[in-house]
Amino acid sequence: MGEYKLASKEKLNQNTIIKIKDTLIGEGYCTIIAGPCAIESRDNYLEIAQILKEIGVDMLRGGAFKPRTSPYSFQGMGKEGLQIIYEAKMLTNLPAVTEVLDVRDIDYVYKYCDIIQIGSRNMQNFSLLKEVGKIDKPVIVKRGLSATIDEWLLAAEYVLNMGNEQVILCERGIRTFETLTRNTVDIGAVSLIKELSHLPILVDPSHATGKRSIIKPVAKAALAAGADGIMVEVHQKPEDALSDGSQSLTPKEYKSLYLELTKFSHLENKQIN
Amino acid sequence: MGEYKLASKEKLNQNTIIKIKDTLIGEGYCTIIAGPCAIESRDNYLEIAQILKEIGVDMLRGGAFKPRTSPYSFQGMGKEGLQIIYEAKMLTNLPAVTEVLDVRDIDYVYKYCDIIQIGSRNMQNFSLLKEVGKIDKPVIVKRGLSATIDEWLLAAEYVLNMGNEQVILCERGIRTFETLTRNTVDIGAVSLIKELSHLPILVDPSHATGKRSIIKPVAKAALAAGADGIMVEVHQKPEDALSDGSQSLTPKEYKSLYLELTKFSHLENKQIN
Amino acid sequence: MGEYKLASKEKLNQNTIIKIKDTLIGEGYCTIIAGPCAIESRDNYLEIAQILKEIGVDMLRGGAFKPRTSPYSFQGMGKEGLQIIYEAKMLTNLPAVTEVLDVRDIDYVYKYCDIIQIGSRNMQNFSLLKEVGKIDKPVIVKRGLSATIDEWLLAAEYVLNMGNEQVILCERGIRTFETLTRNTVDIGAVSLIKELSHLPILVDPSHATGKRSIIKPVAKAALAAGADGIMVEVHQKPEDALSDGSQSLTPKEYKSLYLELTKFSHLENKQIN
Amino acid sequence: MGEYKLASKEKLNQNTIIKIKDTLIGEGYCTIIAGPCAIESRDNYLEIAQILKEIGVDMLRGGAFKPRTSPYSFQGMGKEGLQIIYEAKMLTNLPAVTEVLDVRDIDYVYKYCDIIQIGSRNMQNFSLLKEVGKIDKPVIVKRGLSATIDEWLLAAEYVLNMGNEQVILCERGIRTFETLTRNTVDIGAVSLIKELSHLPILVDPSHATGKRSIIKPVAKAALAAGADGIMVEVHQKPEDALSDGSQSLTPKEYKSLYLELTKFSHLENKQIN
């Protein structure tokens, strides 16, 4: 196995801080990204975007292209969804992140969003990694379901190696034998990544746990372990969500989480954007 | 989660048998696919192809596009490699299988090979699965490193659902805590797939073990568990291989494996092609 | 970590063959051990023992002390169960194996049985391992649910190191993320153990799969991979079993398995006792 | 599988708080237990005990009976070690916890220590669980290396069911494919246990990570996730430790951790004893 170089702490004499409009992501900041798992309709998405804006949020999330285990599940609104995200960005003046699944969609996603996400299932889709390495917008590389820390940093290295220095890592839980939670958050990996790499790292407690009731303590634990922010799912009516309802917060729960993380970041000397 | 329908045993009242030239893959047959992990040069590949032809083999394998953990590892010969495979096919009159990593390469791979392989890391690259679902050549879907049996069958379902009925599964080991072997062959999954699905299933003992010395017993175990064939790595000089040398057989070791599997298939009433 | 010495292939210039009455366990033989998971009543156990004797079996199994996940599950018949096993031994003239959970029960188990089993959950109960290392009857050391091969051989080393040279290993499946099978049989570990150690190794396809329908192919795969025998659960009425019913064979299914394994052992040049 | 009842949140209308001298363990408190992995000599242990007392600590830890993977590794000082712990307790007026491996040692351990620990490898040593269920001192039940949350709570249930209501859980990392850390801390399990059970739960970041450098952030994450305290390894000279040196803190590092956790507990409204 080769080794990561560009992703390594030794490479840079300072941590990478990524700037998107007024939002900073990286060491010393606490960035909160929120939104529904998937964009389900224009009205719903614009509404939740405004709700989040009012409560407080740094960036919107929302899936237009959804990687679903089954071909019979809702596959996302596609390009129409991207236009809705764009509209929400304009409305709220917030940046937005969305996932890309196919090299042929990169141009389109690039046009409508501020950060491009490489999902867990595509962490070793090397064609995709190389292509997003050619653009000049930040890329979130989520950890694969059973990827080691080394493999994850090497996936980031694929992007860095093509010239794109704006890479953000995101721990979203790994697959273990435990079945009460959807995945197992590898909190030690978060602390270790802060030691090994200069790249910002977020944690997604929604996918990592699959359980609404424990998202708040796990999000706090993520920050305590060194994470530079949180990426969380929020839905007006989780019980009606087309995907991941059981792990989505209601706006009220999100508000409670946001306040808690704000207080918490203060203690940790992390700035809320 | 949705459920597989087209991949299910109930769907067809007979097992799927796939025919490529004179080679049959499926229940009642034992298909042996062999070749180096990667095509490293024209001379080497044509030589090993002829060696395998002489010993006995049903189909050639060889990677032109290599999914490597590190961007600094040998990435394969690309399109030039495909032309070499094609030449080897002409020379030996054997069909060949190679992996595709990028939707934009499908047309090219289609032209030069007989079976297209979706590798472990792309088992949930749904864009790629949908695209190979549109072609009229067989597709091997390897199990993801930490994919459940259900997820694997649903990946096959993505291909079937687009109209391509020629899907072959391949178990190549899953990731566990054990470190003495590269992966853990899930032999029970092979037996269970034969019960759940009508699709042919192969086992790749090279990736599944990562250890040359145990490939033969594991290959036999695969057939005993119900596998319809074996996909194995062979290299003239494993110690010089650009990838996966420690798990590649020498031609002599391959010959011993081939004879053993032939004898074994006979007992199991499986026809060697 | 220390390393195993006495369990290592290099230690002995021949494989260990263990003799119990007329039954031989080790390289070149195929030993079949069968019986219910737990002894549930005198009548039931004596009946199944005779049924197995008639069909063909090398040794009886049956749990008197049951390690159950819940304190509210049936905990076994205890010493009364041991007396029933003893009676079954007398009746059938077959040797018997049973599990011991507590150092204080070793003397008693020693008196009534021919082989003492250390179960999966006690593979690293080092007090127990040391105590059974002091007796002069064979000990089966089952692999722990998430034990590495090295740890397993070191558990055997604890017994060997106390002077008891009659150690038999038993692979019974490891814990992974897969949920369709109870555990994942690590067939590569069986092949590797045959390379690393002189000790006999059995496979328990009942616990390893948890599914009656795939016990036969998995048992065959175990022998093909190099296992020296099989340890399998059989119950007159699996649906009424107090434990592990879903993985127990009926006598009729056992007969089919026995005939298949006999035929199979012949091909593999293994003697059926 | 049976289900836990006595360990369930529904069983009690308040969280269990365990009192040992002046130390309280449970909801609303942050208990810090520290000491070397193993007691290596009288002088060393009495010295580290006094150092910890001066820095600040709630309880001493130290292994007299060590469960070691290899029979050739240091097995602990045994009963002599227990006497040293007792002396340290007298000297510092601090309570102490130590592990018991064998039912025959319980009386002795009971006499010299305040809390009895059931280690990871014995989490399903049901004989041992039943026996410590008969005593009137608190018992720490560490999670097994690959135990599910349900199995862990059922192990606690074995102790509770025998009449001992003073059970403390301890998450110490589970086994996964990741090799850069010794184990993977399951932080989501900590949050979930607080929801499911009334029992106090500690986290052992030393075993959970195996890496000195990330113990502090992981310990903080544990408290943030809801843990009621921390159990950590400290050694005067970690590089000379007979076991687990790489994961032991120096006294200076411990002091830094202690101050951080004190500050942190304050924010979380947890009382430091």
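As written, the chain order gives the labels A, B, C and D, with residue 1 at the start of each chain.
Quick note on the criterion: contacts are C-beta pairs under 8 Å (C-beta built on N, C-alpha and C of every residue); 3 or more make two chains touch, one makes a residue touch a chain.
Just so we're clear, the structure is a prediction, and the values are computed from it rather than from any experiment.
Considering the contact criterion stated above, the chains in touch with chain A and with chain C alike are B, D. The two copies, chain A and chain B, are related by a rotation of 180°, based on C-alpha atoms and rounded to the nearest 5. Interface comparison, B-D against A-D: more C-beta pairs in contact at A-D. Inter-chain centre distance (chain A to chain D, centres taken as mean C-alpha positions): 35 Å.
Inter-chain spacing, taken between the CA centroids of chain B and chain D, is 48 Å. Shared interface positions of chain C, i.e. residues touching 2 or more other chains, are given as 146, 150, 175-177, 179. Chain C makes touch with chain A in their complex at residues 146, 175-177, 179.
The part of chain B that touches chain C in the complex is made up of residues 146, 148-150, 173-174, 176-181, 184-192, 194-195, 208-209, 211, 213-214, 217-218, 220-226, 263-264, 267. Interface residues of chain B facing chain A in the complex, by the touch rule stated above, are 1-4, 67-73, 101-104, 121-122, 124-127, 144-146, 150-151, 154, 157-158, 161, 175.
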